[in-house]
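Structures are listed in the sections that come next.
Okay, so subunit A shows up in both of these, paired with subunit B first and subunit C after.
Entry: the complex of A and B
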């Protein structure tokens, strides 16, 4: 087990190296260049230097006069020592901007992730148990509607009903108008109220696939011979489902959930934009379109680390839930 | 051109037709399910009397149907036979003839809601009370399953739950049916049972997972599981089909010994006539959901009467006899959705008579123990009447 983890971690370092290289290359090659935009802007000021002069000066300042490989190793050398530099676009240290926005996204992601599991797995099991029954059809249709509806459409419907017609919730934003006059508890409540619609949007959009996945796996397990054996023992149906079938259904679900660890931190760009939540999805998107290399490099490497970790955790969880899997 | 093609294919069914059938099926099965799911059922509804108290199980005109989207499949269609106490009854027949469904009906393990017992009785003699399994509600049935009637399945590789330890899976049976036993006693009994089925390292196997055992070992574990509560009836559904020949003999020996030790009956389902000859006291031959012939093992092997039984006997390879090609019964089983109203075996039969175009042949008693459904013995019946 330990040998397996160490091996995987060593491999992960190599993968990370190349992932970062690819990301850096792409960032250097994309048509939007932060430096060019800045040079154009500065050259248009009255009495300024020409565009070419500004460009040469800025390229030197931002170390863009290097080749891609040189630039990459410069970035890498700083990054391994923990210096991620300052964000070009946001004008603050990368880590500061990251810290400012990540927790909103994490809260959004984590709450909807937990809700997703709590809703999807029991409903998936219910649908499998009542296959082709009324409950199954209703659950399947709702799941498919959730999967098919685009985020912006669904968010608009929610806003229309709950903000405009009923007036229960604010249309967008993270805090209400009187936020700064509220007590600490009131502030938390206010923040929570503004997260209701984004969370609902995210859950409904993504709950369907997990539900369908649970249903399919449960159906497969319910047709297995060992379920018949469990019934032949005389076990009540509840034990058969919750103990014998559910533990087996968990095996494929665990991999799926392990893979969604980066999803907790990646932020939901569309949802965050629609509800004007200054989460990492929104911030990283702005960094991306403005060619903010330091911020975007940090963010993408962070997600790469999480993805690799998620896969490692999924593999370890596999061994926990399935005794047939052993690392030797 | 396309129309004529469609008509030729008897198995073709239009989408509309299929939907209509499935709607009707749902109506039918919902009634059955509602009846089954009732919470409080008066015991008088599902207790009854045995025809002969020396029997442990009496199947009486059992009909188990599957309501599928292409029509009703009459898997078991009027099956009647007895399992006497302490005896072994073998059920033979080719795949899909309803032998497994018969045994699953007895356990109420037929795939619901499509599969339902629609008619007939299965009387099970518990010693004190007699249950009609066809009417017994699920919560009462759960006390019978695994406790009074146990089942050994065909595929030892898949019958054990892969993620629980052997010990836990066996303990579970005892904990369920003997709730007053403490943990130590349960474990001791499990290890004793594992030893009894010939597992040398019982303590070690107790802690193992199913994937750490071979097929033969797993089947032994399954047998231990079935015998855990000393059931009155053991249903063995092709217990040796998935095992190699040397292990087969061992497993059969083991079953026979243990059966005598706890004095229970065995219902042995197989398509291996060799196994039947070795194990069974009585034989039931099934074809397309019906019993075509039944009798003692001597009746069937010395005097096979139904053409299907004769065909089965002929298709068994014999040691020392030199043949170019193994015999096989020509043709195939009729479509289970649309069964003909004449003898189901008629179109494959090599001994057809002019009577065979009539309706399904009646049961003809050849001797006190030997029965057969075939028009060839009609003369015999008439002669007997005339005497």
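Entry: the complex of A and C
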């Protein structure tokens, strides 16, 4: 087990190294004129550093005056020690902005993750049990509609109905107009109110794939011999489904869910941007759309780490959940 | 279940004993036909197929049928009350010059002084000017040039000149004028003035340069002769005058007069200068006189009937000596956000383009991008996946690590930073679409490689591959002729699903403004008009149809993909 984890970790570091190299190369392919123009533009902001200072800082942070490989290793050494530079767009160190925003993203991700599980797994199992029945058709169609909905369109429809037509919720933002006059409890309620639509959007958009995954796995399990045996033994259908089938269905599902845990931190870029939830997705979208290279480098490496972590966790979970799997 | 239906039930009595594998007993279906049969029985898949066919017809055929073009901007005329003309009380001299005469600005300013002092001649620069009064503060200005000196000796005038020939006629004319005490005479069409006294005189030739007047003579294409004649007539309070062989009548109205030839009003003489606000506005003399009349009577508005017989309302606004004439004019406007109508079934968007047309062309772009990207992904994925799966060992290791690396590359940061770079380079919208396809394909191929490799790993252990190897078929033929075709069912399912995903990604990119750019339509950039809350609230037809099209197209691909998976892999059927 330990050997396996160590091996996977080594491979992950190796992959991360190349992912970061690709990101760095793309960044270096941006011609210097772009960087210079950016530095000039930045220096013209009120209270900003001078053009030379920005350019010098960019050169220092990204080693733009060296070759790509050399510069990459120098950047990597800085990055490993946690020096990611100052964000061009937010005018503060990248890590400060990251710390300010990550927990909003996590809250948004975690709430919708829990809701997804609560909705998707029972419905997926129901669909599998009644395959080609009415319930199955409805659930399949709803799941596929969720998968096919463009986030921005669904978010806009929600806004149109609940903010504009009904006037129940605010169009954007995390807090209402009178937030600072509210009591602590009121503040939490206000914050919660502003999270309703983003959470609803995320859940509807992503619940479909989990639902389909549950259904497929449940179908596979229901076709297995041990289920037939259980039925042949004369066990009540309830026991067959809830004990024999459900436990076995959980193996791939828990693996999948475990693998998507790190993703809770990645931020929902489109949803956060549309609702202006100041999570990492919104913050990095704003930065990147303005060509903020320090933030781009940081955020893409962060996402790559999360993906690798997800893959690693999924592998480990697979072994933990299913006692039949043994590592060699 | 399906297989049984086609055949004859074994229990059924029959005339002949049929062998078990007799073709008449069992209706044999090829594997492909079986898949097709299963597919066409799946209701959701059929719905998806119908949706897709409709979308293709809508985008490709619709764009060809519809009479409008992708970028056609619709303009219409609307009545807008705007400033039409301005009228100013004229207090300065206006100069009407002859065709050859030029009155320098120095002479123009000196004129005011001379008039105020009551002098009939004045000098400005080297030139001497003489004035002839016409009345009503109007003066004829002539430039005088000394041409001859005259000495009177014993009652006879002796004329000496360098410039003109001294003829008897000149002497006679001068003598007559001088004896009569006149200061000017005319000879051969040239006017001369006489200055000096007693014994020495100077003869100067006069050249008419123009007329200065505080009255404004306005009309279309007026000649100097007309202007002078009109001013002269007005000074003399005459009721008619002749210019260029035409007789005009003058009609007085307060401080202004209207000159007309027959029933046509030709010009207006008044104290007001009326000018159109826009260059090239034609204001007829009738309208001018109506404006001046309204000003003089202190009205706030008046109605004027133009030559076509339509009545037009004009408003007057006064500001010191300036008047602004406002009227409802027909302005050419781009018809933005028109509500759905027979001409525009889904209305027009913020740029005045027909939304239905944009949706059709946008569908083309979205579908083409989807297909091109999937084809590129499949090519890369099949080649690399085939190599990895067949060769295994280090080739597999290297390719799968590359796949892992690409799998970890975060899609959106890359797409956004590329969009940002392309913006800063101002890459044309068409080239941008090509770049988009390439980037999406480069980011999307790993999943196909994984599928192909996984399938091939299991297939290459099967007997037919051993047979292929034993017959000595070359490696590339083994991989691409025997292995890859067996992967195709899985590939088709995944590609169909991926198509929907790519259309979603593309539309999201276009929505965010980093994808397909303006002159080209895309479903995503049609919806992006909702970033303006006013549009979102008031013009539902600008964004709901586009979003709905994306939804059902992607849904169609997913339904078909799902149906294909069930059809290819009937294991899941109970």
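Methods note: the second predicted complex is superposed on the first by the 290 of 328 C-alpha atoms of A that agree within 3 Å, B and C clash if a C-alpha of one lies under 4 Å from a C-alpha of the other, contacts with A are read in each partner's own complex, and residues count from 1 in each chain.
Note that contacts are C-beta pairs under 8 Å (C-beta built on N, C-alpha and C of every residue); 3 or more make two chains touch, one makes a residue touch a chain.
Source: prediction; values computed, not measured.
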Touched partner set for A:141, first subunit B, second subunit C, both or neither: second
Partner with the higher number of touched subunit A residues, subunit C or subunit B: C
Which of subunit B and subunit C A:324 touches, first, second, both or neither: first
Touching partner for A:232 - first (subunit B), second (subunit C), both, neither: first
Which of subunit B and subunit C A:291 touches, first, second, both or neither: second
Touched partner set for A:115, first subunit B, second subunit C, both or neither: neither
Touched partner set for A:15, first subunit B, second subunit C, both or neither: second
Where subunit A meets both subunit C and subunit B, residue numbers: none
Contacting residues of subunit A [partner subunit C, same complex]: 11, 14-16, 18-19, 22-23, 26-27, 30, 34, 37, 131, 137, 140-141, 144-145, 147-153, 156-157, 159-160, 164, 171, 216, 219-220, 223, 269-270, 273, 284-285, 288-291, 293, 296, 299-300, 303-304, 307-308
Subunit A-facing residues of subunit B, complex: 107, 109, 138-139, 142-147, 150-151, 153, 155, 158-164, 172-173, 176-177, 209, 211, 222, 225
Subunit C residues within the subunit A interface of the complex: 43-44, 401, 404-405, 407-410, 412-414, 416-417, 419-421, 424, 500, 504, 507-508, 511-512, 514, 524, 527, 530, 533, 536-537, 540, 543-544, 546-547, 550-552, 554-555, 557-559, 562, 571-572, 574
Subunit B-touching residues of subunit A, taken from the complex the two chains share: 224-226, 228-237, 244, 247-248, 251, 321-324
